[in-house]
Every structure is written in C-alpha cells, then in structure tokens.
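These are the structures, in structure tokens.
Presented sequentially are two complexes of subunit A, the first with subunit B as partner and the second with subunit C.
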Partner chain A sequence: MSFISMDFALFVTVALILYYALPKKCQWVVLLVASLTFYAQTDPKDFIYIITTTVSTYICAALIEDRSKKQKLYLEENKDTLSKEEKKQYKAKVKAVQKRFLISCLVLNIGILAYLKYANISIAYINLFRLTYFNSTEFIPFIRVLLPLGISFYTFQTMGYIIDIYYGKYERERNLFRFALYVSFFPQILQGPISRFGNLAPSLYGEKSFDFNRIRSGFYRIVWGLFKKLVIADRLASFVSSVMSAKESYPGLYILLAVFFYSMQIFGDFSGGIDVALGVSEMFGVTLPENFERPFFSKSISEYWQRWHITLGSWFKDYIFYPLSLNKSIIRFSKKVRQMGLETFGKRIPIYIPMFFVWLLTGMWHGSQSRYVVWGLFNFVFIVLGTELEPLSLKITTRYSLKESSFFMRAYRVIKTFALMSFLRLFDINADTAGAFRAFRLCFTGWKSFDITKVFEELSLPAEDFYVAVIAVILLFIFELIQRKGSVRVRIFALPVAVQWVILSALITIVSVFGYYGPGYDAASFIYGAF
Partner chain B sequence: MNKMSFGKWAAPFIVIIKILLIIFLVVTLNRVMMPKYINENKDGRITREYYPAAKYSDVIFVGSSTVFSGIDPRVVWNEGKISSFVRGNASQTMWISYYMTEDAFRWHKPEMVCLDMTFIKYGDDFVEEPSTRKSIDGMRLSPSKINCVNASMGEDEKLMEYIVPLFRFHTRWKEFTWDDIRYAWYNKPVTVNGYIEDDECSPAQEDELTYTGSFGPISPKNEQYLRKTIELCKKNSVQIMLFKTPAFSSNWSDDLDGEIGKIADEYDITYINFDKYNDAMGMDYKVDTPDGGSHLNNSGAAKFSSYFAKYLREHYELGDNSNNSRYIKYWNSRQ
Partner chain C sequence: MDRIKEILKGVHPEVDYEKEDHLIDKRIFDSFDVVTVVGELMDEFDIEITAEHMIPENFNSAEAISRLVSTLEEE
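Right after this comes the complex of A and B.
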C-alpha cells in the first residue's frame, strides 16, 4: 500500500477513528494491528523476516538484561565475601556471555539483510569471475527473493536497540507485542526515519486524548509532503529519466540540468515521504525524529550529511563511528604513527579509519551494486579533502580579504556543496559506475548544439510542466528559508483562521491539480522505499 | 487582545465546519476541473440534466447515442402529450442503461421505460473511457453510481477517480480556460430533456437497407443486464418496452432481433425494431441523417418521435397531463 493512494488515506482514517474511539489502553494494540495490516498488504511471505528479527532481538535483549540483573543480584548478595578482583572477573564473565548474545543477534539479523540484499549480486560476481578466469559457463542460479518491505530500516532500528540494551542505556520492552509495534510501526517502516527506542517508546506506548490541533498539524505536514513528492519529485522524475536514459543524444547542458534536477527530485521524494510519515505519526500522537534539516543550505559535505537522512547518519555515528574510534587497536595504531613523528596524520587515524568504514557501509546500505560503494567512498574522499584543505581555503580567503560570514562566501559554499552532492548523485541515477563517469563527462560536452528555441521540444517535459516545476522549487526554497527561523506550521497556526484556510486551500489545490498522479502519469514509487 | 473563545460544546461543530469547508473545496475543484460539455460533446450533460427534470419524466428513453439523437421529447409531448426524458449517452452499454434506470427510479418512478437495443450488439469487453465518463460523471453519488462504475470501468481505471473526478481530470489544467470557471456551477440545460439537436445532413449512400453485420448471440453480460432492467421495471410496476431506434445502417442482424424478441416474449413485453417502419414514418435517409444513416438528425428525430409518441399513446396506459398547468408550463418553457 503506497503512501500516495486513497487506500492509504482510508486506512489511516479508519485507524485514527479506532485509535481515539477505543479505550486508551488499547491504543498501542490498534497501532500494532494497523502496522501488521499495512505490512501484510505487500507480500505476506515478508512476515517471516520481520518476525524473525522481532523475536530474535526480543529474546537476545531479554537474555542480556537477565544476565545484568542476575549479576546485580549476585554482587549484592556476595558483596562482603567477594574480593575486588573476583568481582571484576565475574563481571567480565557476564559481559562475555552478554556479548555472545549480542553478536548472535547481530549476525543473524545482519545476515538476513546481507543475504537478501547481496546474495544475487555476489552470485553475479562469482559467475563473472568463474567465466573470466576459468571459462566456466556453469552459472550458480540466482535466488528468487524480493527485498522485504523496509528491511534496511527495521534491521537498523532493532540493531540499535539491542546494542543500547547491551550497553544498558535503557530497560528492554518486556511485552513482545509492544516490541513488535516498535519494529513494525507503519508510518516509518516504508522509508524511515530510523528511530531509537528510548526516544520513541514514550509517545509510541503512551495514552493519548484526541487533539484536533495535532490532527490539523499532521494533516498540514502530509499535504506538504505530497506537494514535494507529487508536484516536484515526480514531475522532475520524467525529465531526469528521459535525459539520463539517452544522455548521449542530449547537449551537456541538459545533462547538467538533469543532474541538478535529480537532486531536487530525490529531496522531494525522500523528504516528502518522510513528511507524510511524520504527519501520519503526529496524528496518532507519536513523535518520530526529523530526518532533514534544510540540507541544500549546507556549506560543506560533512554539514550536508548532518542535515540529510539525519537518523541514518546518527545511527552510523553512534554504532559504527564512535565504537571504532574508541577501538583499542585503532588507538594503538594512531599512537604508533604519532611516535613515528607523523603527529598530524596520527591524530587523524581514529577519525578517518572509522569514517572510511562508515562511508563504505553507507554506500552498501544504499544498494548492492558497486556504484553505491564508489558513491560512499567518494563522499569519504570529499569530506577528507574538505577537512584537509580547510587551512588552504582559509589562507586564500584571508589573502583576498574575503569574510567567511559574508553573503558571497556563504552563497559560494552552499552552491559548491549543492553542485558536488548533485554530481555524486550520478552514481545513483546511472545503472553502473562507468555510466556515472560518462554522464559526468557529457555534462561538459555539446554545449554548442544547445538551441534555446528547441528546449521544450527536445526535453520530454512539456513547457507547462517545466514552469510548474520551477515555481514549485522556488516555493520550496522560500519555505526552507522561512523554516530557518522556526517551524512554518507554528507560524501558520498563529495567523488568523481565515488566512490559515487560504493557505491550506491553496496547498490542497496545488497538490490535487498540479500533482503528477493519476491516468497518464506513471508516478514513481518512493525511491527510498526500495531500501 | 484575547482570542475569541467558544465553549467546549462548540468544538465538535467547529471540526464539522472545517471538514465541510474541505469538502466544499474539493467539490469546487471537481467542478472546475471537469470537462464542461457546454459547446461541444453536449451529451456529457445529459445525465446531470435528468435530476431537475425527473418529476416530469413520466417516460424515460434509455439507450445509446441513437436515442439522444433520435428522440425529441418536445415532439413526444406535442404529439402524444407524454412527458419524457432521454437517458441516453454515447456508447451507453446495457449495464450503464440498467443503472441509469435504477438511478432514475430513485428520484421519480416513471410510468414507462423504453429501452433501446442498438448497443446490445457489442461484446462484454466493450470499454470506452470517454463515453463511460460522459455517462457516469453526471450521475449523483448513490449505490447505483458506484455499482455502475464497477460494472463499466476499464482495467486502468479506479472507482475513486469516478467518485472524485478531480483525480482523473486534474491534468486538464494545461488546457484550462475561463469557461472552466464560468461554467463550473452552470446548471441551465444545454440539451432538450436529453435530446441533442443536430442540423447536419449527410445522406446515406445505399438505396436499400440490408443487415450485413454478423452480430449475436447476445453476450452474457448484455443479456444479464437486459434481464435485470426488465425485472427491475416489473418489480416496480413500471411498463417497459424494448425497441431499436431506426437507422439506415447495415450494422445489425436478424439474429439479434430474434434473440431480443425471444427474451421480450419470455417477459411478455414488446420489442420493435423501428427499422422496419421507416416507410410508415416517412423516413428519408437522404435528408434525415447527419452521418450516412447511423443516427437521425432533427428532421429524422421529429419523424421518429412523432411516430413513437403516437404508438406509445395507443398501446400503453400512460397518464394524461395535457391539461395539467404545471406540465403545460414546463413544456412551454422547453419549446
């Protein structure tokens, strides 16, 4: 069931009525039933994976917490008889057992994800290797399996949960069904955001009274999400795909335009979907974390990644980057390098090695093809270059008396970051790495054949659609500018009711009339829904 | 300044008002974005124009384009003092005709239904979205409409797009004109009780009418809905007859006549193929048709309507409203 369908609207309406009509203590049950119903709309066979992840994580969390409690009890009972050393040994023993449970859980669930996501691409590489080096045409058959809905999101969410339980950040959820709700909560299962149990649990399980303002606020957010998805993303999608599918036949300017449009498309698509998820969730009184914070206003790539897909970035930071930074081997290696006289380089090691793995894994998370790994590593290289060249950049700005805080410099950095990130998206748009490099080269060729009078004839985007797309992007830009000074919805709700209605009516009209949906259009499904 | 505050009791009403405002907005958008059918494709107005005229629709003529071009209710009133309405649309299938009849009964139980058979010759898989749209979009929301949509729509169509036509017609913003706003709430009739006037003349090429079509047997869905329509009328004690509008087209077969006749006999009702009465009506397909004989033009419709009105008056028990001032006033306004 797509977020962009009347079925989904009806589904949410019925769920909301039941949610607020039934006794408050049943509210989480309504959400669980709704989530399972939503999940069952795809392939019921997918249930096996989500159930395995839910049950295995639940059991491992119980075993880990059980050991902690037993340890506490044992140490309490024997505090007078045990020596400090014995206590230490006992703790280490318990920790080792807990670690075994943690690793079993991680291996099982990441194994499922890896198997489903990478088995076929691995088979393809093995077959290619055997054909190339052994001339063997006995190919290993591909496995017939489709990636279950939201597997990347719920796997990361549960892995975060089990690691947090292991480190004793919070108590585990004792009710299996309530835990199942945390894993399968329907607004976020399709494309995130990736929530942390500690943050989500209070609003997910808490009892809520009907609040019209909350419904209204969620509704506004949903409509705004639909605007981004239907008016901008899907409209630009047809242009981007037609240019990229025949890039050799277009002047470079069109390809360049497609590259920038793709950035807007994927932002509209992903953040629009997240807006719908957060809006629906808000209607149920459940607070999901924000996933975007005006990424196109970033002045560097590292800042961009703190503003784009925030929950994935913070997941990697907390569960990959920090543990690796504090890893004893890496710290020892860093020390050794510093002792060798390479002070600056040595200091960077506990940052760059974990960062390398973070970007490698981020690339792999986005897709099984090698182009995603290349994309991830390019991000890593650009971030490292950005950091290392910062002193040089400062020198230049000082030399020419340019103020970093000036509008010109800020605009330059924002545009540079946007351009770099857009070019990196070439790995996303093109089917392979070579295609991405070819597209990059083509951006700067054939400009002479550009004829402004034939623009709309050559583009497969009708002129009217182009104008609508441009106006919608400008509207989005204005919205993002206003948002810098606080929530736009809060500002709208402070306006007179009549003005609020004019704004809402205009938004509904724009989405329903100019939206790229219905017969004659092939509205793309959410790009991040495939992860 | 303090914000105006309402008592707690007012909250539900305010929510209802807000919901109504959103519904009003969506209805307005529907009206604006839908094709208007004012200056062309006027048959797209027929269905919606029935409702204000329902109480004067003692006889309804149901069928496809041959009906809305062949029966002029003004002539039927003038010649037979029968107050009628044509519920016919282009390419109206038997299943749409059934739901048109059912829908009509919801508003006003007529004395008689005259069901045209011309379109029964096509198969069960007949789907023509623009025609289906023109037939159904004007229908007021009811179980009949929903069932009609479900029975008629093609594979790529969705029920919701018929309930909220904006989802189908929003793409019209590219061809938007001021007429779309001007006629958004336009309710004046552009047809004459479902009859579309046509002055054009394009003579038939042949001199003699012979059927060369290889139609029949009647497809299961067509037969099912034909029977349903007859049974609906019987159940509601409404008289019904089956007929084929006269035409000078070879696209028909005697087998179809035979089959329809059998079904009519089964229910003890009449079936008339008016092709056989061309001479009696004085039909001249050199002047009475706008398209070589497939349909009738104004002069053809006048001849057929007059003949049909007299036939109905003679053979069926239809009330006489010739002295009813309300009817007289109504029909004077329609002349």
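Right after this comes the complex of A and C.
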C-alpha cells in the first residue's frame, strides 16, 4: 500500500477512528494491528524476516538484561566480601557472556540483510571473476528473492536497540507484542526515520486523548509532504530521466541542470515521504525524529550530512564510528604513531579510519552496486579534504580580509556544497561508475549548441511542466528560509482561522492540480522505499 | 585531577585549565584532540568511554572530564 493512495488515506482514517474511539489502554494494540495490516499488503513471505528480527532481538535483549540483573544482585549480596579486583573480574566475565548474545543477534540480523541485499551482486561478481580468469561458463544461479519492505530501516532500528540494551542505556521492552510495534510501526517502516527506542517508546506506548490541533498539524505536514513529492520530485523526475537517459545527445548545460534538479528531486521525494510519515505519526500522537534540517543551506559536506538523513547519520555515528574510534586497539595504534614523532598523523587515525568504514558502509547501505561504494568513498575523501584544507581556507580568507560570517562567504560555501553534493549524486542517477564520470565530463561540453528557444522541443517536455517545477522549487526555498526562524506551521496556526483554511485549501489545490500524474506514473515508488 | 591536567597539557600546553571551561564550545579542542584525550584517559584510568559519553558537556573543562572519569571508575 503506497503512502500516496486513497487506500492509504482510508486506512489511516479507520485506524485513527479506532485509535481514539477504543479505550486508551488499547491504543498501542490498534497501532500494532494497523502496522501488521499495512505490512501484510506486501508479500506475506516478508513476515518471516521481520518476525525473525523481532523475536531474535527480543530474546537476546532479555538474555542480556537478565545477566545485568543477576550481576547487580550478586555484587550487592557480596559487596563486603569481594575485593575491587574480584568485582572487576566478575563484571568482565558477565560482559563477555552478554557480548556473545549481542554478537549472535547482530550476526543473524545483519546477516539476513546482507544476504538479501548482496547475495545476487556477489554471485554476479563471482561469475564474472570465473569467466574472466578461468574462462568458466558454469555460472552460479542467482537467488530468487525480493528485498522485504523496510528491511534496512527496521534492521538498523532493532540493532541500535540491542546495542543500547547491551550498554544498559534503558530497560528492554518486556512485552513481545509491544516490542513488535516498535519494530513495525507503519508510518516509519517504508523509509524511516530510524528511531531510537528510548526516544520513541514514551509517545508510542503512551495513552492519548483526541486532540484536534494534533490532527490538524499532522494533516498540514502530510499535504506539504505531498507537495514536495508530487509537485516537485515527480515533475523534476521526468526532466532528469529524459536528459540522463540520452545524455550524449544533449548540450552540457542540460546535463548540468539535470544534475542540480536531481538533487531537488531526491530531496522532494525523500523528505516529502518523511513529512507524510511524520504527519501521520503526529495524528496518532507519536513523535518520530526529524530526518532533515534544510540540508541545502549547509556550508560544508560534513554539515550537509548532519542535516540530510539525520537519523541514518546519527545511527552510523553512535554504532559504527564511536565504537571503532574508541576501540582500544585503534587508540593504542594512534598512540604508537604519535610516539614515533608523527603527532598530526597519529591523532587522525582514530577519526579517519572509522570514518572510512562509516562511508564504505553508508555507500553499501544505499545500494549493492559498486557505484554506491564509490559514492561513499568520494564523500569520505571530500570530508577529509574539507577538514585538512580548513587552515589553508582560513589563511586565504584572512589574507583577503573576507569575513566568514559575511553574506558573500556564506553564499559561496552554500553554493559550493550544493554543487559538490549534486555532482556526487551522479553515481545515483547513472547505472554504473563509468556512466557517472561520463555524465560529469558531458556537463562541461557542447555548451555552444545550446539554444534556449529549442529547449522544450528538444526535451519533448511541455514548457508548463518545467515552469511549475521551477516555481515549486522557489516556493520550497522560501518555505525553508522562513523555517530557519521557527516552525512554519506554528506561525500558520497563529493566524485567523479563515486565513488558515485559505492556506490549506490553496496547498491542497496546488497538489491536486499541479501534482504530476503523467502516463506510466507510479506514485508508489519512493526512491528510499527501495532500501 | 592533576593527572587529567597533565594529559590535557600534553595536547594543548598553552591553555589555562584552571580557568577554561569552554574547551569544546570555543573550539580550542577539535575532534582529533578529544579522541586523543579519551585514549589517554582510557589507558590511564582503565575506564571504558563509549558513544553516549561523547558530548561537549563532558569535555568542556578539566573538572568536567574529572567528573566523567570518577563516574566511570565507580561503575
């Protein structure tokens, strides 16, 4: 069931009625039934994977917490007889057992994800290797499997949960069915955001009274999400795919424009979908974390990644980057290098080595093809260059008396970051790495053949489509500018009721009239829904 | 506390750790410095510092770091 369908609107309406009509203690049950119903709309076989993840994580969390409680009890009972060293040894023994449970859970669940996501691409590489080096045509057959809905998102969410339980950040959920709701909560299963149990649990399981303001606020957010998805992303998609599918036959300026438009398209698509998820969730009084914070206003690539897909970035930071960065072996290696007199280099080891792995994995998370790994590593290289060249950049700005806080410098950094991130997206738009490099080269060729009067004829696109998309992007830009000073919805709700209705009606009209519903159009396909 | 100050001096000798309480907020310490200090603390005090401890409030001053070390030593 797509987020953008009458079926989904009806489904949410029925769920909302039941949610607020039934006794409050049943509210989480309504959400669980709704989530399972939503999930069942896809291939029922997918249930095997989500149930495996739910049950295995639940059991491992119970085993880990049980050991922690036994340890606490034992230390309490023997606090006067045990020496500090004995207590330490006992704790280390318990930790080792808990670690075994943790690792079993991680291996099983990340193993499932890796198998489903990378088995076929690995088979393809093995077959190619055998053909190239051994001239063998005995190919290993591909496995017949489709990626289950939301597997990357719920796997990351549950693995974050089990790691937090291991570190004793919060108590585990004791009710298996309530835990199943955390794993499968329907607004976030399709494309995130990736929630943390400690933050989500209070509003997910809490009892709520009907609140019209909450429904209204959620509805506004849904309509805004639909605007971003249907008016911006899907309109730009037709321009981008027209150009990129025959890039050799277009002037470089078209390709350059398609590159920048793709950035806007993917932002509209992904953040629009997240707006729908957050809006629906808000109607049920469940607070999901924000996933975007005006990423196109970022002044560096590091900042961009703190504002784009925030929950994935923070997941990688907490569960991959820091555990590696604070790993004793890496720290010792760094110290050794520093003691050899290589202070600057040694200090960078606990940051850059983990960062390399974070970007390698981020690339792999986005897709199984090698171009995503290249994309991830390019991000890594640009971030390292940005960090290392900062002193030089500071020298230049000081030398020419340029103020970092001036409008000119801020605009320069914002535009530079946007351009760099857009070019990196070439790995996303093109089918392979070579195609991405070719598209980059083509951006700067054939500018002389550009004729503004023939643009739409050459692209076989109606001019109106293009203008609507451009106006919508400008509208989005204005909205994001206003949002820097606080929530736009809060401002709207402070206006007279009649004005609020005018704004909402205008937005619904714009989405209905200018939403892209061309031939072959499939509103179901959110780009990030494929992960 | 003295050992902590020694470790900090090893990273930025020019800072007055008696007075300075915005090491991170004022960007006196960057991420490379913080991880270097964390490594030294883990070695020196045999403690485990994890992601949840990596917040500016824990590293803004010698005193804040000392508090963090004491908490982790008790665990």
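Here, the second predicted complex is superposed on the first by the 523 of 531 C-alpha atoms of A that agree within 3 Å, B and C clash if a C-alpha of one lies under 4 Å from a C-alpha of the other, contacts with A are read in each partner's own complex, and residues count from 1 in each chain.
We adopt the following convention: a residue touches a chain if its C-beta (ideal position, glycine included) is under 8 Å from a C-beta of that chain, and two chains touch if they have at least 3 such contacts.
In this text, all values refer to a predicted model and were calculated from it rather than measured experimentally.
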For A:Phe212, select first, second, both or neither according to whether it touches subunit B, subunit C, the two together, or no partner. first
Of the partners subunit B and subunit C, which touch A:Pro462 in the superposed model: first, second, both, neither? first
If we overlay the two complexes on their shared chain A, which of subunit B and subunit C does A:Pro202 touch? Say first, second, both or neither. neither
With both complexes overlaid on chain A, does A:Gly515 touch subunit B (first), subunit C (second), both or neither? first
For A:Ile331, is the partner it touches subunit B (first), subunit C (second), both, or none of the two (neither)? second
Residues on subunit A lying within both footprints (that of subunit B and that of subunit C): none
In their shared complex, subunit A is touched by residues of subunit B numbered 11, 15, 21-22, 25-26, 29, 33, 156-158, 160-161, 166-168, 170-171, 173-174
Using the touch definition from the top, list the residues of subunit A that touch subunit C in their complex. 167, 169, 317-319, 321-323, 325-326, 328, 331-332, 334-335, 338, 347-348, 350-351
Can you list the subunit C residues touching subunit A in their complex? 31-33, 35-36, 38-40, 42-43, 49-52, 54
Residues of subunit A touching subunit B in their complex? 6, 212, 462, 464, 501, 505, 508-509, 512-515, 517-521
